[in-house]
Amino acid sequence: SQMANSKFEYVKNFETQEKLLPNCWTVVRLDGRAFHRFSDEHRFAKPNDDRALMLMNHCAEALFKEFPGEIVFAIGMSDEYSFVLKRTSNLWSRRKTKIETCFASFFAASFVLHWSKFFGPETPLLYAPMFDCRATCYPSERNIRDYISWRQADCHINNLYNTCFWALIQQGGLSAAAAEEALRGTLSGAKNEMLFTRFGINYNNLSPMHRRGSIYIWRQVEMTETAKSGEPIKRVRKVPTLIHDDVISDVWWTQNHAILEE
Amino acid sequence: SQMANSKFEYVKNFETQEKLLPNCWTVVRLDGRAFHRFSDEHRFAKPNDDRALMLMNHCAEALFKEFPGEIVFAIGMSDEYSFVLKRTSNLWSRRKTKIETCFASFFAASFVLHWSKFFGPETPLLYAPMFDCRATCYPSERNIRDYISWRQADCHINNLYNTCFWALIQQGGLSAAAAEEALRGTLSGAKNEMLFTRFGINYNNLSPMHRRGSIYIWRQVEMTETAKSGEPIKRVRKVPTLIHDDVISDVWWTQNHAILEE
Amino acid sequence: SQMANSKFEYVKNFETQEKLLPNCWTVVRLDGRAFHRFSDEHRFAKPNDDRALMLMNHCAEALFKEFPGEIVFAIGMSDEYSFVLKRTSNLWSRRKTKIETCFASFFAASFVLHWSKFFGPETPLLYAPMFDCRATCYPSERNIRDYISWRQADCHINNLYNTCFWALIQQGGLSAAAAEEALRGTLSGAKNEMLFTRFGINYNNLSPMHRRGSIYIWRQVEMTETAKSGEPIKRVRKVPTLIHDDVISDVWWTQNHAILEE
Amino acid sequence: SQMANSKFEYVKNFETQEKLLPNCWTVVRLDGRAFHRFSDEHRFAKPNDDRALMLMNHCAEALFKEFPGEIVFAIGMSDEYSFVLKRTSNLWSRRKTKIETCFASFFAASFVLHWSKFFGPETPLLYAPMFDCRATCYPSERNIRDYISWRQADCHINNLYNTCFWALIQQGGLSAAAAEEALRGTLSGAKNEMLFTRFGINYNNLSPMHRRGSIYIWRQVEMTETAKSGEPIKRVRKVPTLIHDDVISDVWWTQNHAILEE
């Protein structure tokens, strides 16, 4: 039977293995699959459900902490999250599939594990969610910053659209089709105007989490811990910190450039 | 700002996309990461924990049902499970990463969702598990059958070893190191003999699930359903069926050849 | 300086290596780059230049002989040639790029080396040609036969078109644009008819090499060789044999099935 | 028959296509296959054959000129040549296989085409050479410079060894085995010393082409051309320029930094 095993073992040679190009930042992006239906079935608030966003953030933070020396930045919105691995990361020898599938499975498992903390007993999780995941390499600082800008700009565009769309329905009494029609081809100036004049909403006063997404970075924090002797001692620790800053701006990156230097 | 978005959108060109070779059977294999530690921390029974195995089977069945026209066979043991996609499958246009990450995330999410059904309130899940996952193509019937045989032969070899190892410890009072030493280099005949003469265990009478792993296939089952009129009607339905057969044998495949013909 | 070398050697880790899936037939297809211009500048006869086709065949035969245990079939037409590696080939451990670049460079080098044998002193080679090359795996007998049929069907379609096109120009006195216009949307029946009624050409009587392309297979040939003693001895040897058969037909493959069994 | 063609055309879906990561420098390295045997059969001078090196340079220059907007640097030695594509190159949409096979076939074809210019009628080319070729991405300036340094350091190490090895044989009368034995484990200091004291060779006075390899870069050159009017006019043109500089040094790159800025 050990002979039998060796006889079959040749099938391992059919496996392939791809590595991420060294010396590039790697973005690992997770995306909920069929979350439109998922959000309907779990009666998510529209245009944004803060319970869902905070659950996503909680899962992101868990993943962030799981690989403290590897992930240097994360940005999420709606049902997606992007994690940036530092340029020099050697996580699992940069094996692409290993990174993608471990991140996807850990995030999805965390999503289920922590669901009830955010949705409570009145909204049970009806079925297991799926997240697809892809790792992409970015060779230059310009490229990785542009990736982050792309996601934050996308967050803004989608949120402005959704805010208008749901105001037209919830406050304006329009059907979904009519709301879609009313917004077709409008520029962002017109959308801001519509929100203000028709619904009294000043877009810029809306929640930064909705407008800019959620960002995790490591921050040095001074903590008071208790030594073995029982004495309080001060320690500086790196903790995952949730922010909602404008990370498209050059100023932010000048102040936080250390993130890209790791 | 929509202009800003287009300006950044070029970063999408850095993404890669790999497709599985057409007309091959695809095996998608999931493996628990660091499950040695995981099984210790959740006090799994040794050498086999039936709660854990049944949870794995439950998750496999859920995935099986999620893609009824695509997955034709599954085999699992310990903390791993392999799913066979039919040769002609066009799931997600055969995008390799999409399949790997959706399967991994759904399986891990199911594992958490169903944990308490099998482990009860006395053994809470302590943290989110990770599963790595890889899709591999097999071009011929011989190759895909050899893959399945490889996993089943491996199950047998590991189970025989573990059964001896834990008998030496649990019944024989040996330390882990001494048990390992006692087994070093022994052939399977000697292991069977040891189990029988020293511990009164007839290996072939042990649970088929432990010796051969768990297998899912589709079986036609006649069901009595209720028509709209209230009349009972008989329907033939395809249902996921759990078996523990010897799937290395030619006889089994002669009888179940339709599995490879889909 | 040997230290200096080690310091730089890390750059080798940026190299990637892809292997062809085992147990598949591999087609390595070469295509002349910008051969439209090349054929004009070297004043190729139209619609077919036999010197060029025979040179292509000569290069194919050289490559065929260079890897006698690996290449089992080849088919070429115009400025392209496809080589089929046997299913079990382990040439260069199935390294995809190695196979593609060695085949491409050897074929191109042979093309230059043998040019004057076919074009003579009156048509010197004006510059070095380029050939792109790609290796593709085919998992089943059906697939590899369909690949071959695809190329032969393509040869026929192109040759029928080109024969009409150049007859309209050379015999009919039309301009290229007028010939193209006259042929737009015509089915093959109409093209055959036009050749026969307008130009007295029976398409089926044209050269098989032009209609079906050139095919190389290995054939056993009895040869009389001279032993060391000076005695003549008969030996059976495998030699590359050029044919122009219909290799779409099932009958041909029934008779030559051994090609796919190697 | 056009229907027949469509029926087979599905085989194109088995082809794969890989692209080079954007915004990286790409090195395309060519290596002669089995050139040890090739150099023996064509009676190359040892340790260096200037006819062969100049032929390699001539082919590299031809390839350099063929893609004037894409290749920015090349370095070669012995039977290998590396070409650096600029970071922003979009040659053939960065298709990896296309680039590798076109470069390999063009270089090999040039090698045959120009052979007799360098080897004359007394040394005919006996058979077609093969070159393997691989494209590799380098994301940073440090990485691409280190790649170049790696090749130049390798050139030096090999040349120093070969110079000693052949001096021991040609001047010292040793067998190949004895020469190899004499050199085993020696550091470069000892090799320099041996050359000087035993054979009167000052290594640093040897040909820069042998010690540092051959490098092509583009240089602006002022040329006097003839206008249509017959008048001589001065034009600045970019011409491929062969140098044998130390390209490991920082100074060289400070002076020639524009190469990496394209």
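Which chain is which? They are A, B, C and D, in the order written, and residues in each are numbered from 1.
Simple rule for what comes next: contacts are C-beta pairs under 8 Å (C-beta built on N, C-alpha and C of every residue); 3 or more make two chains touch, one makes a residue touch a chain.
Keep in mind the model is a prediction, meaning the values are calculated, not measured.
K.L.:
Look at the interfaces A-B and A-C and say which one is made up of more C-beta pairs in contact.
P.N.:
A-B
K.L.:
Report back the single chain whose CA centre is most distant from the CA centre of subunit A.
P.N.:
Farthest from subunit A by mean C-alpha position: C.
K.L.:
As a quick test, compute the distance in whole Å between the mean CA positions of subunit A and subunit B.
P.N.:
Centres of subunit A and subunit B (C-alpha means) sit 30 Å apart.
K.L.:
What whole-number Å value describes the gap between the mean CA coordinates of subunit A and subunit D?
P.N.:
Roughly 46 Å, centre to centre.
K.L.:
What whole-Å value do you get for the distance between subunit A and subunit C if each is reduced to the mean of its CA atoms?
P.N.:
Measuring from centre to centre gives 51 Å for this pair.
K.L.:
Would you please write down the residue numbers of subunit D that are in contact with two or more other chains?
P.N.:
If we look for residues of subunit D contacting two or more partner chains, we find 14, 16, 18, 21-23, 137, 143.
K.L.:
Mind listing the subunit C positions that touch subunit D in their complex?
P.N.:
Contacts found on subunit C: 1-2, 4-5, 7-12, 14-16, 18, 33, 62, 97-98, 100-102, 104-113, 125, 127-134, 136-138, 143, 146-147, 149-150, 153-154, 156-157, 187-188, 248.
K.L.:
Show which residues of subunit B lie in contact with subunit D when the two form their complex.
P.N.:
Touching subunit D: residues 13-14, 16, 18-19, 21-23 of subunit B.
K.L.:
Touching residues of subunit A toward subunit D in the complex: what are they?
P.N.:
Residues 21-24, 137, 139-140, 143.
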